[in-house]
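Let me give you the structure first, and then I'll get to my questions.
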């Protein structure tokens, strides 16, 4: 089973991704973000985004009730259904779901995190938390019946409330609990870059040791990303690829070897296993 | 099986509805609107709503791509997931879906309808159409596994594109194809009113003949509503109830006999069949 | 009526003269066969048979 | 430090004096047992043990 994480940037070529996925034989699950759509909507609605940074350098969006409404409109609504629509137009019988639906992604609301604000150390509680369990039987039921799950936030917490959560953590958890063989992360960059501003600084292979080194030196959101990448490796996925989601054929190019191969198993030829003549449109 | 249609008005008591539904023993499907949420969002985004009236008196919202984005944000996103959240908080393992997901509600885009604009008769084509088929096996698979489907627009057309459609038509089609025994429509009024401005003009019983008479004399949106109500009766549902979705206990009051009973079978006692001690929270 | 051109009727093929103030997607009737036609485009002028749709369409 | 009142430390029960400019959800340390405490509310003054959360929490 393949897990495809589609970044939430405006430059991601969703149509190209859907066209490529239509050619895969192996079943797959999509997890996607929508930060660009959310930021655009927040701006048009005049809602400001508060980012808080924990005392040890992790920064993230403060999720108040307005922010959860935005998640529901931008992630669960607009982005999720446009991806489902594109999949349907390429012979993929997609079903879009959030972590709330069927208690698909169950998590725990954060007890309170220490942040530095105005020279004080404060506990910040909001509507966000960590994913802990996946309703794998719902995913299995859908995939056995020929559907492709397309997942996004919000997730559901212990009080059955909608909370925000980091898509990278969700990806690692889904990978582990579904035993994904390949995890493909499509982002708005050629792959993992030593220096995001320098296109030639692409790193073709990243071993687990590399990741831990980088994590020590990084800060804020990059630190989060590396932390999640390490956990993704620990999830047991045989191959992890980070590739450019803006290309004409993002998925096929990634399987051809473009982008960054993460983990020890970077020589594996992914093309043969997955490339297939176009799959006939599956009817509902 | 019970089909519950929840109106999209701001005054609907979603929490009360979820609490009541948590006490039902029979499986049910929810279909909901979100016109208030959509209008609010459209206004905040500065998007104007164009209403067109066909030459024979049917008026409806003109669905351009912006309008479909709004549907996805307000109906499929905000309203759908807030209803799913409330259901989960009352022991109902809800799964929110649009007609796109799993090709659940398949329709045909309208070929072009004649409207009068600026003294001319013109053909108007937009992203809307009529629902024609339901993917009943997906609904059955989910309900057999203990989930409660929560459905809304958009639906999917013959080119696998997202289109708008009238919730009343969808309700009639789902009722017919799933063989619903009871259809409960929860609206922002005590029931079917002779005169919406006169609270005492509630009509307790509406026979099929009454409906046809009313339909002759009505215009615009009311004409649509009556047309859809007639088709709902033709769908074979044994009991159809229109009741007030703003009450403290909207569903239980409706089963107690409040509101309007539609069709010939208005003496049936709905309370005994359905009232149950609170159902234990079903886990995912 | 100041005609700006003509287009063939898709049903009976006879020429239909198009008024200057005609707009796209407007409905006109062929003077010969009486069919209801839709102005698909003005430049170039193109007429198609007007679709017949059941009245109560989308929301 | 101008104290505006005291509240009992939830861990060792000794009185902890609260500075005037203290704000809700701020973290302070009990001078006696050294536990990290959170100011749950100022009126009435209430202290609870500060939760310990794994660092990389929600998005």
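Which chain is which? They are A, B, C and D, in the order written, and residues in each are numbered from 1.
We adopt the following convention: a residue touches a chain if its C-beta (ideal position, glycine included) is under 8 Å from a C-beta of that chain, and two chains touch if they have at least 3 such contacts.
Since the structure is predicted, the reported quantities are computational estimates derived from the model, not experimental observations.
*Asks:* Give me the chains shared as neighbours by chain B and chain C.
*Replies:* none
*Asks:* Please report how many Å separate the Cα centroid of chain C from that of chain D, as a whole number.
*Replies:* Chain C and chain D have C-alpha centres separated by 79 Å.
*Asks:* Quick one: report the Å distance separating chain A from chain C, using the average Cα coordinate of each chain.
*Replies:* Roughly 51 Å, centre to centre.
*Asks:* Rounded to the nearest whole Å, what is the centre-to-centre distance of chain A and chain B, using the mean of the C-alpha atoms as each centre?
*Replies:* So the centre of chain A lies 33 Å away from the centre of chain B.
*Asks:* Throw together a list of every chain pair that touches.
*Replies:* By the stated definition, chains touch in these pairs: A-B, A-D, B-C.
*Asks:* Which residues of chain C touch chain B in their complex?
*Replies:* 23, 25-27, 38, 50-59
*Asks:* Taking the complex as given, what residues does chain A use to touch chain B?
*Replies:* Residue positions touching the partner: 41, 44-46, 69, 72-78, 80-82, 84-85, 88-89, 93-98, 100-104, 106, 135, 137-138, 141-142, 145, 147, 154, 156, 159-162, 283-284.
*Asks:* Touching residues of chain A toward chain D in the complex: what are they?
*Replies:* 54, 56, 58, 60-61, 63, 110-114, 120-126, 128-130, 153, 163-167, 169, 223-224, 227
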